[in-house]
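Two complexes come next, and they have one chain in common, chain A, joined by chain B in the first and chain C in the second.
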Partner chain A sequence: MSLQLVTAAGIVIGLLYLVVVLQIFFARLRNRIRTKRQLGLERTWLPILVADTTAIPESLPPLRQRDLIPFLTLWNQLQESFTGEITGHLNEVARRIGADVQARRMLDQRSLRRRLLAVSTLGHLGDRGDRDSWAALVRLTSDKDGLLSLAAARALTRIDATAAMPVILPPLSERDDWSRNYALAMLTDLGVDVVSRPLTDAALHFPIERAPRLLQYFNVAHLADAMPVVRTLIARTSNVECLAACLRLFADVDDLDTVRDYLHHPSWQVRVQAVNVLARLGREEDYAFLQPLLCDSEWWVRYRTAKALCSLPGVEMSRIRDLSQKHRDAFARDMLVHVLAEAGA
Partner chain B sequence: MAHTSTAAATANATVSTLRDVLVIEDDPVVSRLVEHLLTRRGFAVHVAADGLHAQSLLKTLPRPAVIVMDVMLPYVGGFELITEIRQTSGWERVPVIMLTSKSQERDVLRAFDAGVNDYVVKPFRPEEFVARVRRLADARD
Partner chain C sequence: MNVVTVANIFGWAALAYLVGINAVYLVLNVVSFVVLRRHKQRGTLGPLSTRFSSLEVPVSLLIPAYNEEHTVVATVRSLLQLNYSHFEIVVINDGSSDRTLNRLKEAFDLQVFPEVVRRRLATEPIRAVYRSPIYPELKVIDKHNGGKADALNAGINTAQYPLYCALDADGVLRPDSLQSITRPFLDDPLTVAAGGIIRIANGCDVVNGWLVRTGLPRRPLPMLQVVEYCRAFLFGRLGWNPVNGLLVISGAFGVFHKETVIEAGGYRRNTIGEDMELVVRLHRFLGGAGRPYRIVFAPEPVCWTEAPESIGALRTQRIRWQRGLCESLWLNRQLLFSRRGGWAGWVAFPFALLFECLSPVVEALGWVYFGAGFLAGFVGWGFALAFLIVNIGFGTLLSVSSLLLDEISYHTYPRFRQILALLVAATVENLGYRQMTAYWRLVGLVHWIAGTKAHWGDMKRTAEWSSPLPSPQASTTNRT
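What follows is the complex of A and B.
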């Protein structure tokens, strides 16, 4: 290798090193400036935003354009942290400095971060009289970005929960990019009284393939609304997903006859849910209904059946142990031994 | 980094004596918010941003009047920290308020079993929170 080549390689490595060092330096500098600006913003605005709710100063400091995003971020964080009277105070301050107008403008911007911030701000402001914002948020519930559409749904529920329900139920029943946990938390926050009837009615009247997604939120509905819909759907449909979702919701021994009808359904997803219900609600006589399923072709059905047999009231472990030794089917015997070992019996 | 702020210049302070509160919270916005709420009411606030830092403050800080802490903390969790606080000489009876978004009954029960004195769920009412801190601080005086 020539000296020239070595020198060139050394220069390149040195330059690369310099680039990395400069990048780190500028990243740190940017971070420090941002932190300093954020702290300055908090020093100015925190005392006003967290002041006694009766005391908003006559003149508020102007909100500089470069401070808009940090301010709205702080304001939304305070909205998420607080409850009670102070949220009204936060809204009053935001309106006085024109943050509501700015947020409405930001809805049309390209940056997802800014649009999310705008959606959240409008939701917290909760102005039902602002029809333009309401219409814009309704449109955003069908945005192709799942996060944005869900945030718009959340904002609508904050503005007017009852009016928002018919708007959010169609996407709730269709969109698989909506986080189930977030949607569940949102419905739980709205409360059973607001959610129950619209949710159960939608499950009954929407196309059947959309019902399973709604059925998974039925624990936020009154039983008196939910169970008649579940019984109607299970009688009406042959959709496997819907049947499985309905079976998961049975919690009354009066439904045991219906559940037993599904123990021999062609789909194993349905059979396994029927077995699970018997594990929860079954009686001693279900021993006879369950036992044939120990020979099921599907491992999960055999496993859940063995577990269900062990949990039936009035069925002694000695009876299960005896069955595990005498059953004619080797798969059934193996599964019973497996489940008994799990139970430490 | 831990930092400390006092309310010497706070005009609307309603507590006459300066008392120390240790805030253990990893969310900087929440910790600054709690700090602001407490300093304007006359408390001196020390902040630890994670469990490890809080552990070091147990050895160096004078015993505070009240500890306000989150459950989910980096490095050392809230429950482990409470056990340590209760085993630290002089800190055994320092009142602890848990300020957390965990609102399920089992979380609350676990916290009280671990030895916390009060439990505040986020989102919270700021004045009510300050009143709870003040009540526990007054009880220690």
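What follows is the complex of A and C.
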């Protein structure tokens, strides 16, 4: 092997080593400069951003291009932290320095950070007349990046919640990559009045296999809207996931007969949900319906049944304790002892 | 074909192999840069997630403990103060022969609880389940010894939440560790497992079981492991993230979707590398079933662990790791080039087999060939130098680039002196230490092939970095 070639390779690696080492020091230096700049930005802008609404100075300090991202980050953080009048004040400052124009431009840029910031900024600004931004945000709800599309949905709901609902419901019922918790928080923020009708209508009219995903948000719907839909769906479907989701929502004693029908459903996921409803709404007579389920083959059904028996009105702990000693099934006895111990009885 | 020709062919093949392995690591390095950048970008709307903290997924923390009387109480105390809305702690005393159980009973006033355990995974018999009247979120399972995997399976059987977090009894966390590691589950519902970066605790300041200051160890052996861990985690694992090809989640700290793990059969009891084996099996199981899933590496530093400070303990650990690797790959060999194997089966698995499993053999034989050949005169200056450049030069380059990754991402070691010390360690690491660990890995490989009985060894934990235990009374009063 040529010694010169090997030496050259060695020199290249040595140089690369030096470059990486220099990069480490450079990164450290850049980090310090960035921190210093961030502190300067906060010193200048925080008093303006969090000041009294009437106190916006006539002439605002110029926002340098290099400060745009840190500024928007700070501005969005403040928007997330505050509610009420101050958010209007933040919007006023942002508009006056042209952050809205910058955000619209950033929507089409490649950087994910810039796009997320742009989406969030436009959402907080909430300009209903800005049709171009609205259309761009609607497009972004179908972006392949789950976080960006969810952020776009959130922005739309902030701009015009009522108009946003028909846009966000289809992805809400379809997208696997939309975090349920984030979506639930978004709907909760919108409030029951806005969410209730569109959500329940969608659950009824979308294909039945998409219903379970929407049913999990029914806590953000009025009972008067939700329950007729739940009753219709439960009568119409045999899908286990859908049945379990429907049962979870029952909150009316008038539905107890329907619920009892599912206590012996072949799927334990359905049985356990039926038991849970009886634990919440059941009456003394449900003792007899529940007792056989203490011998269920599924641990969760036995556990929830034992808990439900303890919570039935008119059923005293002494009766459960008695049952735990006399029951013929060892599994049932053990479970009752377990649940009694949990209850401290 | 004479002996010299065969030797030359071997020399060229070994050189090509080492170039190949380093080239792949360089690619992983570049990918990790991109992933880290993207990860930071995705955190742009950080406050979004903190606003939703009330919606965190409940987690069961499983702590298998075997003869951990010195550390287990402090670990549980620190975990009880985790900044997380909904969790339970399940300590599994795996038939300890020391006072592990008694220490727990005394510290937390444990009482026997008539728990009906849902035996979905087979385990050694459970002697008793204890609960604490002071801390309702704490549960202790006392069972017959069956090994770490068996203990974890027992923990899974009693866990009540949809996610579980497996962690070592001596692991040191930050108050937000659990939030960081469960975030992938919130962000993407397809996530079934997530691991994070494990760091070396030696040299750090730990108070009441919490890490309060990151520092570097004074002793050379753990110092070299700091660099080694940086390399292993920051690009050895992170680089596989974008293609869902991660094959290892450290047993020291990883979060899993419980039902999926149960479906896959839980931890395999007769293997020594149960953490890796489970992850490889999850790929095989979920990929084979055509189910969409994600196994994610969260790049936040989430757990600090004590590194071996003696050569003997380090040797035992590395032999065990290599055996675990070989076993995991062998037991899941159906994943290799399987039709639905995806990147895990078509790229990550062959990479692990070719470059991580077999590399100690090539490296050791390479040193023998080039060393002996150079002395005997049939390996020329150029060839020998090429071997050294590829082996040591590339290795050093990769080590320092992992330090760069850490610097641009988490800036774990903020002092200037620390970065200088790490740079020295990154260079020195390649001049003897790596070769030594490669030899131990070779021993591990030979042991595995020979079927020698595996053992965990007895690592003496000094925990010098940790402050003395707080008294039970003090801790109780701190509780709100």
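The criterion applied here is as follows: the second predicted complex is superposed on the first by the 291 of 345 C-alpha atoms of A that agree within 3 Å, B and C clash if a C-alpha of one lies under 4 Å from a C-alpha of the other, contacts with A are read in each partner's own complex, and residues count from 1 in each chain.
The definition used in the following text is that a contact is a pair of C-beta atoms (placed from the backbone, for glycine too) under 8 Å apart; a residue touches a chain by one contact, two chains touch by 3 or more.
Predicted, not measured: the structure shown is a model, and the values here were computed from it.
Contacts of A:Thr157 after superposition on the shared chain: neither chain B nor chain C is touched.
By the document's definition of touching, of the two partners only chain C reaches A:Ser179; chain B does not.
Of the two partner chains placed around the shared chain by superposition, chain B is the only one that A:Glu42 touches, whereas chain C remains out of contact. Of the two partners, chain B and chain C, it is C that touches more residues of chain A.
By the touch criterion defined above, A:Asn276 lies against neither chain B nor chain C after alignment on the C-alpha atoms of chain A.
Contacts of A:Ser81 after superposition: both chain B and chain C are touched. Of the two partner chains, chain B is the only one touched by A:Val50; chain C is not. Once the two complexes are laid over each other on the shared chain, residue contacts for A:Val6 go to chain C alone; chain B is not touched. Look at A:Leu16: by the touch rule set out above, it reaches chain C but stays clear of chain B.
With the contact threshold set out at the top, residues 77, 80-81 of chain A are in contact with chain B in one structure and with chain C in the other. Across the complex, chain A is touched by residues 38, 40-42, 44-49, 51-52, 55-57, 113-116, 118, 186-190, 292, 380-383, 385-386, 389, 393-394, 396-397, 400-401, 403-404, 407-408, 411, 416, 419, 423 of chain C. Across the complex, chain A meets chain C through its residues 1-3, 5-7, 9-10, 13-14, 16-17, 20-21, 23-25, 27-28, 31, 73, 76-77, 80-81, 111-113, 116-117, 120, 146-147, 151, 176-182, 184-185, 299-300, 302-303, 331, 334-335, 337-338, 341. Here chain A touches chain B in the complex through residues 42, 46-47, 50, 52, 74, 77-78, 80-86, going by the rule given at the top. Against chain A, the residues of chain B that register as touching in their complex are 12, 29-30, 32-33, 36-37, 40, 122-128.
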